[in-house]
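Following are the structures in question.
The following pair of complexes shares a single chain, subunit A, combined with subunit B in the former and subunit C in the latter.
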Partner chain A sequence: MLMKRRWTLYDPRLAWMLVAPVLLLLIFFLVLPIAVMAGYTFFTFVTAGVETSALTTANWHEFLTDSYYSGFLVKTLRVGAITALLCGVLGYFPAYFIWATTFRHKWLLLLLLIVPFWISFTIRTFSWINILGEQGVINVALLKLGIINEPLPMLYNEGAVILGMLHFLLPYMILNVYVSLESIDRTLISAARSMGCTSAQAFREVTLPLSLPGLAAGLLLCFVLAAGSYVTPQLLGSGRDALFGNLIYDTIMGELNWPMGATLSIVLFIVLGFFAAVYTRYMGMSQIVKGLGG
Partner chain B sequence: MKLTTTKRLERLHDRYANGDLSRRTFLTLTAAAAASAGLSMPWMGRALAAVQEVRFDGWGGTVQDAIDKFAFQPYTTKTKIKVVQGTFGDEDEIITKIKTAKPGDYQVIHSSGVNYYIKYVNAGLTSEINEANIPNMANVLQPMIEPFRKLTPKLSAVPYDYGTTGIAYNTKVISPEEAKEKGAALLLDKKYAGKVGGYSDMTTRVWYAALATGQDPNNLKDMDAIWAKVRETRDLAKKFWSSGAELMDLLSKGEIVVTDAWSGRVAALQDQGHPIGYLDPAGSYAWMEDMLILKGSPMAECEELINFMLDPATSIAVAEGQSYPPSLDPNKVKLTEKIEKLPAFDKTGTMKSLTFADPTYWATNEDAWTKQWNRISKGA
Partner chain C sequence: MSGTRRKQEGRWAWRLTGFVTVCVYIFMFAPIVATVILSFNASMFGGFPMTGFSLQWYGKLMANDAVLAAFRTSLWIALVTAIVTTAIGVTTAFALVRFEFRGKQALSTLVILPALVPETILGVGLLVLIKAVDQPRTMLLLVLGHILLAVPYVVLIAQARMIGIRRVYEEAALSLGASRFSSFREITLPLLIPAVVGGALLAFTISFDNTSASLFWRPAGVETMPTQILSMLKISISPEINALGTVMILVTVGIPLIGGLILQSLTKLRRRGEPKEETQ
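Showing the complex of A and B:
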């Protein structure tokens, strides 16, 4: 006698049903738009705002043969790497402090980390103009104190761009490192100390190695976000400090050349995706998910 | 003026008679038939009165504030039709948005004259205005309308204002005498290295390079020399601004002491008491702006709005508010003393004292030059 197949707890059909909404969202809002953009890279640019669906590899040929684009890509990766490294160096200490403190209201310190997110990102970026500008707080204070005679050129350069990105990305780094530190079994540190390690040695031999996954996750996150940044270089940098995101913006919005803009977008997607893939291969994505999830 | 149902039907019928079919065709025919038969259906009134707002996108800042205060708000009070507003910093940005939206999402654009008009025409985004519905067009300067009509005999836009991109300078640092003596060369003066600004726009950069190399901006012979001058300005510049608000911010905060600048924005800064001078050097870049109705827009309402905006009282109030001369012919409409004192104002009504970009010439070179400018602006 045929028995009607019943649902079981680990039934694959149930799993598919549960995952279906997310899959559909991913397909419609991630895979499909990327596929459309990828298709656009083979369209023919006619004139500003006009393109035809006649297929061509001209856009890819231009990207691969014109050193202007590769130069921009290298510069973007360099700025992204510098920003991520600075985030790592500057972010580790606050994360360590929050983890190690015996302050009763540790939640308050964590809350302070996310307070900047309550203010618009653009406004936070604009605020640096009033701090670094010729009539900004720093220059005015230094001039009034007689320390300088001429305002320091702190705005509209690469330093200002990196500073703006640090401001935006540091909380991501701190959270990732903090989550990683939180998962360390503190008895390991006590054990190291009881076996004769100094505090510094215990940190170097136990805490630091065990927190590296969080640090690496933070580095990847900061690098990807910095390299894909558009607003910060636009507001705090000069034309020379533009990054690949600005190049894409200008190509699509300024030249109204969608096929080339799509090509550049796909290039950035592939390059940043490559770094994420390498990270996933060796470290796994779970650390980033933990860091973002808190 | 509130449109009556009868008037609306007449206009819709006119549009149908002119072969200008729209999505309302069915409604027009049904309603016209019903009206002629003396019939009416309960849903008709609601459907005919469906357009309760018009979408407008402009440059924001002091310019749009003036349009809103002196044109849109009185228009809404009078007609109950709301004007929903959006802003853009760069017109290419709004063209991109329009391309990705469905017809009718964006309706009226405060566009940058004939140079941009070509882009809308090429992209198939233009409509056909029934000029009979905009009787105030009779007061608009013919020299401003003609370039548009050359591109499309049936207009999709109506000129609204004009101005120049001249030289703005900080009078605490640069004297009016020095500015007058050096003119456009101020942008290349090494004395002001690191304190120079400029509009991040290909046309403006190439135009001022043309003046610096002694070439006719509408017939450039030596592009290598042009790009060399563009690079020279870039190397002296602190920042190329990309919106009127950014221009005003950079000048008022003293970040830059000299830049090419939009006359109206400089006038606004002067009104606020900032020590900013302005001059139009010989061959200064003149431009006009228009109210462009996009394809798929509710034509009757958009035409009504533009007619209201062109009413002399409204147009003069807006012009005084935004500090740009109106497109009204001073030989037909008595303008105020304040307008006559605005930078770039042409009292003859011939526009011969102003040098506009030849739209066909610039359109031919636009793609290649924009690409080159984008590269140079990023250090290439």
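Showing the complex of A and C:
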């Protein structure tokens, strides 16, 4: 007869029982779908909504040869990179300000950064129509002041898409940089100052390098989220500003071409995964974990 | 003098930082404020200028059956998501912090992936799986999908709090004869409450807000609040949408704020009850 081992205080078996629900969810809703999707990229597309399991490389061939797809990919990566860089530049100032300020109600500034996370993303995105649209604040004000005679076309272009993404990604960036600034030992800066550094030098030599992990985590997060976005180009862009996410949605929900949709999803997954892997290779996961709310 | 000039430079750099900070905050809130203001506009068109104060768009909203149905759908999906995610997320965090087991590192990486993988990919992946095994899209699928999206945040929040709770408290209870479950319920859980409430609120808003993945996962004919807004926006920008946006902001900002306030007063009460600091 098999002897049952007695359960120890921190028995691994108990740990597995505790993580089982989440583990099962991750396997069936994350790992398995992506694996099946990878298999689907080799299925044959017959007609809208119909495919056979006859294996083919036609989808990959089409993706790799048709410049329509690579054009989308390049545009998506470009928009993602521009957005992430703008976030980095614009987000560093507030993060530094909140960290360094002697303002008594610092918590309020931090709370205001978290509030946007609570407001529906769709609402935050469409609210830009009230600012940039033909009847938006800017156009109405400029028309009233007589500076322009016709409303400026500010919506439905790439700039508006980037602006919308900037709007939703800036809190991520600011919080990431702030978390990393918070972990700096402030005596290092006083030491630098006491040894004759100007405040600018102390910033350049001590504060900035030590906050780079947070900046890098923020850049990765903003880039991945921007490059994977669907709603923002849909609401603030024209058809020409569609990004890879929109292409995937249209391929699957519009053309009902599931094998091609799966191929495009896997491509996006691999490309963004590549950037994330390069990042973790040099920075590790911990900074992302901290930035996400840990 | 170079010394004073340098000091001047520092001051200007600081002023620039403050200026950019103010601009960023304005940038983040101006569109939201504009939306709230416009929701009270009497004008027929969803835009400026204001032609008068009116609540008519809220009235219209209350009579819009599609919106009300979507609101109810989103509300209960978010409630279920919040409850289930908190329960399974907290136990996972407990296991990840307290226990040593093989594959722990891999699991803690895997668990944050849903927050990093674009929703479009998660959305398509699950649909392809469902199609491969020939199952229909159901509400259950949508709810489980939302739980997947919220799990990373709940686990991370609970883990961060869990690390600060020393295990000796639980072990003391165990050595005094408490069962595993009651030591968790009586000792660990009360100390975890801020993380539990915070995680539940976040899970609620993540579900209530979710757009891209829901577009893929929702059963035919079902609209959640965000997908309803999206389909309304496809037709036109009516002032009704601004009113709807304002109501949503009240719900999603109001609930966490009130929750936070309740939590704060609770901890204050408890502090008064037992003057000694609990952690560390």
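Here, the second predicted complex is superposed on the first by the 268 of 294 C-alpha atoms of A that agree within 3 Å, B and C clash if a C-alpha of one lies under 4 Å from a C-alpha of the other, contacts with A are read in each partner's own complex, and residues count from 1 in each chain.
As a convention for this text, a contact is a pair of C-beta atoms (placed from the backbone, for glycine too) under 8 Å apart; a residue touches a chain by one contact, two chains touch by 3 or more.
On a predicted model such as this, the values are computed, not experimentally measured, just so you know.
Participant: Figure out whether A:135 sits in contact with subunit B (first) or subunit C (second), or with both, or with neither.
Facilitator: both
Participant: Please indicate which partner A:26 is in contact with in the superposed arrangement: first for subunit B, second for subunit C, both, or neither.
Facilitator: The answer is second: A:26 touches subunit C but not subunit B.
Participant: Based on the superposed arrangement, let me know which partner A:255 touches: subunit B (first), subunit C (second), both, or neither?
Facilitator: first
Participant: Which of the two partners, first being subunit B and second being subunit C, lies in contact with A:193: first, second, both, or neither?
Facilitator: In the superposition, A:193 touches no partner, neither subunit B nor subunit C.
Participant: Name the chain, either subunit B or subunit C, that contacts more residues of subunit A.
Facilitator: Higher number of touched subunit A residues: C.
Participant: Quick one: classify A:240 as touching subunit B (first), subunit C (second), both or neither.
Facilitator: first
Participant: Do subunit B and subunit C touch any of the same residues on subunit A, and if so, which?
Facilitator: Common interface on subunit A, subunit B vs subunit C: 129, 133-135, 234, 252-253.
Participant: If you look only at subunit B, which of its residues touch subunit A in the complex?
Facilitator: On the subunit B side, the touching residues are 90, 92-93, 95-96, 99, 119, 122-123, 194, 200, 234, 237-240, 242, 249, 253-255, 366-367, 370-371, 374-375, 377-380.
Participant: Write out the stretch or stretches of subunit C touching subunit A in their complex.
Facilitator: These residues of subunit C touch subunit A: 6, 9-10, 13-14, 16-18, 20-21, 24-25, 27-32, 34-35, 38, 45-49, 88-89, 91-92, 94-96, 98-102, 104, 107, 109-122, 124-129, 131-132, 144-145, 147-148, 151-153, 155-157, 159-160, 171, 174, 180, 202, 205, 208-209, 211-212, 215-216, 225-226, 229-230, 233, 237, 241-242, 245, 248-249, 252-253, 256.
Participant: Using the touch definition up top, name the residues of subunit A that touch subunit C in the complex.
Facilitator: Answer in residue numbers: 9-12, 14-16, 18-19, 21-23, 25-26, 29-34, 36-37, 40, 90-91, 93-94, 96-98, 100, 109, 112, 115-124, 126-131, 133-137, 140-141, 144, 167, 170-171, 174, 198-200, 203, 221, 224-225, 227-231, 234-235, 244-245, 248-249, 252-253, 258, 261-262, 265, 268-269, 272, 276, 285, 288-289, 292-294.
Participant: Per the contact definition, I'd like the list of subunit A residues that touch subunit B in the complex.
Facilitator: Residues 47-50, 68, 72, 129, 133-135, 153, 155-156, 234, 238-240, 242, 246-247, 250-257.
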